[in-house]
Amino acid sequence: MGTTYSKEEILAQQLQTAFEHLITEVVRKDTVFAFATKEQVSSILLYAKEKLGYISFVHLSCVDWLESGEFELVYIIWSPETKINLFVKTRLDRENPSMENTDMIWRQINTYQREIREMFGVEFPGFVGEKEFILEDWEDAPPMRRDFDTLEYVNDTFFEREGREDKQDVRERIAKRSGEEIPDFAKKYSRE
Amino acid sequence: MNTILIQILGALATILLAFIVGMFYGGAHRKVIARIQNRVGPPIYQNFIDVLKLYSKETSINHGVMQHMGPVFAITASITSLMFVPILTDGNWFSNLNFSGDLVFLVYMMVFGSLGMALGAGQTGNPNSAIGVTRGLSQMVGYEIPFVMAMVALMTQFHTTSITGMIAVQQQSGTWLMFSNPFAFMAAIMAMLGMFSYAPFDIVTAPAEVSSGPISEFGGKYLGMMMTSGSIFAFVKLALFVDIFMGGASNLVVLVIKTFALYMIPVLYGVISPRYRTEQAITYFWKWPLFFGFIAILYAAF
Amino acid sequence: MSFFDLKGLLRPLTGLSQFGKNPHTKRMDVLGQDTADRYRGFHYNDLNACIGCGNCSTICMNEAIDMVELAAEFNISQDKGNSGLRPRVDYGRCCWCALCVDVCPTGSLNLTKEYDYVSPDANSFLWTPGVDNPYGKDQLSFTSSVETSLMNFERIPMRELEGTERVKSFAEVVLGYNEEEARAEASRCISCSLCTEVCPDHMHIPEYINAIAKGNDDDALRIIYDNNPLPEMCGKVCTRRCEDVCAIAVRGEAVAIRWLKRYATERAQTSDLIKEIVNPEIQEANGYKVGIIGAGPSGLTAAYYLALRGFDVTVFEAKRFGGGMTMYGIPKYRLPMDSLDKQIGYLQKIGVKINFNTRVGTDITFDEIYKKHDAVFIGIGFEKPWKLGVEGEDLENSIPAVEYLRMINNEEIFDVGKKVVVIGGGNVAIDGARVAARHNAEVTILYRRRVEDMPADWEEIEGAEDEGVHIHPQAIPVRIIADESGKKVKAIEYIEAEMVAEEGARPRPVPIEGSNKIIEVDTIIGAIGQEADYSFISEEYVNKIELNRGRIVTNDQQQTSDAKIFAGGDAVNRTADAISAIADGFRAVKGIEAMLLKTKK
Amino acid sequence: MYNDKNAQTIVDYIQNFTRKNSLFMLAYGTGCGAIELPATLTSRYDAERLGVRGAATPRQADLLLITGYLSTKTLKRVIRVYEQMQDPKYVIGFGSCTINGGMYWDSYNTIKLLDKYIPVDVYINGCMPRPESVISGFQELKRLIAAGKADGAKKYKENLEWYRENQKKVLKNWPLVEYNW
Amino acid sequence: MREKSTTLYLGPQHPGITGNMMVKLQLEGDTIVKATTHVGYLHRAFEKLIERRNWMQSTTILCRFCVPEPDPPEAAFALAVEQIEGREVPERGKYLRSLVLELARIQSFMLWYAGQNGSAGLYTVGQWSVGDRNYVLDLFEELTGGRIYHMYIWPGGVRRDIPEGFEDKVLHTMDYIEKRIDDYDRMMFDSAIFQKRAQGVGIISKEKAMEWGVVGAPLRGCGIGHDVRKDNPYDAYDKLDFQMGIFDGGDVWARAKVRQFEIRQSISMVRQIIQNLPKGDYLNKMPNPMKWTIPAGSAYGKVESVRGEFGFHVVSDGSDKPRRVHARGPAYAHGISLLEDILVGENLADVSFIMNSLGVCPPEIER
């Protein structure tokens, strides 16, 4: 074979050989994405940890794709040999999201799962950890969900100092001064 | 009648002297530390202001009788001890109760304050206080043993349990006891580091560990009383050491010089030392001070 | 660890040596006086340099900056291009990130070294920079220069034909932005909207630029068509006074508003496409008829918006094509003919009826129009050139620039010969010169004042110079010399002038005695101004319409002294540009609508 | 001054003198402004020369520094700490966050106006305030104490209901102990 | 001592706690049998707020992630954004970034000196180091305009070029600091008491270190050489000559030795940067910040902060605001489950000591 593969491509191939139907993407130097199904994740993590030397768990985060009704969980693991960040991504349904507990693979995941459970309301069945992590007596929707409007909550709960009511909007003032009428459909392009 | 009045006045004057000197030493302590830490530091009279302010604070906590009694015990113990310590030799100062100045009694008296404090702190219900008290008592056991051993050595060596007696011994021989029994002095000085509770033996009030230990729940007037008591007690300890080991002082200037020099030992050692853990502190006391204590007794006995 | 660690006991003692050293503590009286030169302290705003664009307020993620009206005592400018508002900072919000400084287009907002403010009153933390610290000018610390500013002061260069290439043909010189360039240029805009006030037509500039920046070109076109039916023409030849007041232009090159409009409009290649994209809402016919005289910008504008509002509109145009001066007065390398055709075609598709080759007064009487319609709009423009007023002006080879341009655009032939002198410094003069240059003539422009005083656009001037046009400033023509036949021009004599500063006015050229010079020419093109020709209006109406120094007097809804007659365009306003004409047309629509719908219903 | 009805008696004067020159501040870093406190207390700025020193527990402290934003979770502790402190007690609010929310003005978890929940004697401008500002905050507080105007604690006692109401708005399900001292 | 177990709440108001958090301790005597961390006292919902701010505005809120060292978050975010956008950083910008990061490291180390010694009762070193830290902060003030929060590192480079005469000042300060840290070390590392306190305390085994995701100095203190600056070099670190401090033992002492070694490395790096500072641009300017969009994509940008790997997982959906920014501070791994684990069996006196040696920084746990 005349072609030489980069280490990222080799990783992508290794993963694809091991897991059928796994989509991988070499994004840039030192970064490889693997788009896995919900069920595949733990076996990919285990495989990468045991067989490929991805012994270091870096990060687990959750992304809310409100528009498509999905949560995306991103597991980032790292290998001291190849020095590649492997992103294992999976999508969960936004209704009753739940994900397999993986904190036996890396104990560190425990903390991340606690946070994601609290901030996004993603359940990890079989996972032990105190319910309250960062918030206390929180009754609203999980706050990191995109449909939770923090400004609205703030306006409802907290106070704002008075004395700033005389502020004016430059756009409005200019339009008023010149008699310009901004059509409604254009207003969304006005400066906020 | 007249003598009683004079005695009362004398006692008050002694207390005042001890308080003022102790407070200024506290100020000097802060100043010295500040200078070593490259700072200017507070004015030397800062402790007076602090104490006055603490007395002017309103106090409205009630954890029970013992909480109120704790600081009272402490201050009582300090003043009682003070009464038994000869301040100046040659009758240049009111003698108070030091005619019967018994070293054994004094050693007991000095512990009494801490015990009272412990009782008071115990009632506040603050776990930090409880832990601090435990630590304090452990540490006391640590330094009391070498200290008592040093005292025993001196008592056996000079066949007296009276402080005035020891001063007399020194005046007769012309040598300070720190030279005539250096081992006892070593043991006692090392124990004194513990008594002063400056680093590395500030485990009782170690802020980073137990907030401020027994006094966690004491604010305002209580804290003021603790500070007063502490200042007087510091003076008691220093005066005692000067009396026993450094031949006493014949006038106030000598007293101040000697006590201050002595005071600087724990202060300067404290500036440069981290804190021991409790068991390390006890190990410390039971290592070299105890060793010196033994030698001192042996030296005294033979 | 050994049993007895002497080193461990003694080495820390070295620390005691610090006792003798001087403390590092600063004395209380000098505390806080040695802040760094870049320290981010309180804000200072140069109230006179600030234009109130509100960019600081927009970038502030803490919503700490309010734009407020300051009292008149601070002498805040309320001119156009200056909102008259000034920032006020809530120090209960500010985080001193100084982004407001880095995005201030004028550089008037800066941070000072002062930072110390304590107060028991929580309501006292509102800070009006420049008002609360008038002394702040001397304490400036964190400032933003053109290099460090986050604003992009350099315009994306417009691709153009090379100067040598241009003169060979009448191909359009400006090539237009491609998508990438347009996005980049649009993203320079800070959406302050100061430009909209200056625009005679008050186009929604920040909105359509933002739409372009966000990649929604269709929306941009829709926004543009909201009050301008000839945007492509404007996108090519507008005098763009908006760019003069652009906030970015204070320290850099203005956002290319005109080119962005051009980009947005050029995407719609045909009039059908325009209709598809803009897809305007056409109201039901209301039965009123409006007659419009002149298919120039103002007339077409009025026609378009009246048509959208359900009026029955008929336009009467004397010439072969619509567009008026934009059609005949602007050379094709600036505004290609098919572009205008496309736009007028779109108007016709909406339902505007245009009768070409119908000169009012000749083919149809004004009286007839007046009687047939519920309202009449006059948008006739200035067609009659001013006289140079020098001897020999009427010779054969001396021609007014508008006439020359009209002939060229109408594909008539006029041979300018080898050497051409253009007199004047306006856009028309430059156009004339550049057109002549395209006929391989050696062109010289004579202008009374300095180059920087020329009313023409600097881009035009530069373009002309690129094409080999020689500009001779401070030259006043004295007389035109005829050749032997006495019919044709042979030479022109001019006198050089020096600029004399005059109080309260711009410098005045004063001829220098004895500096007369003569250059030989083949053709002289005069371009010092035009005026309107009202000969078509029959007398009974002329008397009704109030005139002032050749211009029709109207109220703010373009209504003349005859309630039924509205007027707009060059014949009314003094600015004599297309966008003002469009604005007039737009205003007249409102006037007509108000008059007809309000009074009769 | 002595004709003034509100003039201080000599006792008041001495009390205020000692109070202003001996400020024990509670070692509680409630927010990011706490990072400048070590600097304030150390060699270059040396706040100890003004009589400011740390106190480990609320009982011993006179001065509560709210060093910036307060999350609702911390607010609960701060209220309790404040109520545990002994009169006279003072509060200094650090930086923008305590005045009008600062850069966390739209955060669901931080309070915006500190003075709605506990009385504040002095505000220091800045985000975060420099040690110099902190020191001038102390100086201002001293000035107020000397003038007898640093009466936040009194205000708290008098308007306890109002404060409680505001506190309860944020602190749901949190038993607020009775304030009886 | 009583065998009954006591519950002690260490924090949130406690002089020994680092920042504002709480450790609930079950004590038997002075020995800890169970430790539970409670965090959230500093939760400001950064990640939520960033969703409401555009890319440029985000850069100013980032430095508040971690107060003791505000620069690594800025750098990590900038790296992530640059990865997604493909924005190049000019060479000078890279060097200046490294300069700021190393200066930040130095000042943070000096803060650590104070924390580590202060928790052990040796306040003098803390006073010195925090006092001397002002000299580093002066450099920051000169360079960035702020003492603590710099907001200096932007995607594409740095915000301002260095002022005139800055190089000399840096070198001068470095000389001074180098002299002073010898003083600290004599008080700290040479002290018999400190050695007794630190050795054998808070041991993390190698296996545990990998399991719990330990990074930074604690990991190198276990004898495992991992440093983002070496492994995935960013900015100018591939051109600088430095070594990792690797010490065995896994205890507080080993971690302290790592830091003692690395502060000197940082000083040397600062000197190298000043000597090799290339000429040219310092910022690859972004478009108008209000209209700056980043193409859709995601990246993980990581830098080595003083306490370990600091990373940002940044997700863009192609709009002018980040979709999701998730920070991973080193304390996130150290400060919660690891701490709960290694505190068991330790003495109460060492809790604060161990927390300081791990570099537990609550603001970055809670964000």
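Note that the chains are named A, B, C, D and E in the order they appear, and that numbering of residues resets to 1 at the start of each chain.
As a working rule, contacts are C-beta pairs under 8 Å (C-beta built on N, C-alpha and C of every residue); 3 or more make two chains touch, one makes a residue touch a chain.
Quick caveat: nothing in here was measured; it's all calculated off a predicted structure.
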Smallest number of contact steps required from subunit B to reach subunit D: 1
Per-chain CA centroid nearest to the all-protein CA mean: E
Most remote chain, CA-based centroid, reference being subunit B: C
Mean-CA-position distance for subunit B and subunit A (Å): 62
Mean-CA-position distance for subunit D and subunit A (Å): 39
For subunit C paired with subunit D, centre-to-centre distance based on mean C-alpha positions, whole Å: 56
Inter-chain centre distance, subunit B versus subunit C - centres from mean C-alpha coordinates, in Å: 88
Per-residue overlap in subunit A, given as positions that touch at least 2 other chains: 135-136, 143, 148, 150-151, 161, 191
Subunit B: positions in contact with at least two other chains: 34, 36-41, 128, 207, 211, 271-273
Contacts with two or more other chains, residues of subunit C listed in rising order: 12, 15, 18, 23-25, 58, 61, 90, 92, 95-96, 122, 190-191, 210, 214
Chain pairs in mutual contact under the definition given at the outset: A-C, A-D, A-E, B-C, B-D, B-E, C-D, C-E, D-E
Touching residues (chain side subunit C, partner subunit E) in the complex: 1, 5, 7-9, 11-12, 14-15, 18, 24, 35-40, 55, 58-59, 61, 95-99, 102-103, 111, 141-142, 148, 150-152, 184, 186-191, 210, 213-214
Subunit A-facing residues of subunit D, complex: 72-73, 76, 99-101, 105-109, 111-113, 116, 166, 169-174
Subunit B partner contacts - residues on subunit D that touch it in the complex: 14-15, 17-19, 21-22, 24, 27, 42-43, 46, 48-49, 51, 53-62, 85-88, 180-181
Of all residues in subunit A, those that touch subunit C in their complex: 161-164, 166-171, 173-175, 177-180, 182-183, 185-187, 189-192
Touching residues on subunit C, where the partner in the complex is subunit D: 23-26, 28, 31-32, 61-64, 90-96, 115-122, 125
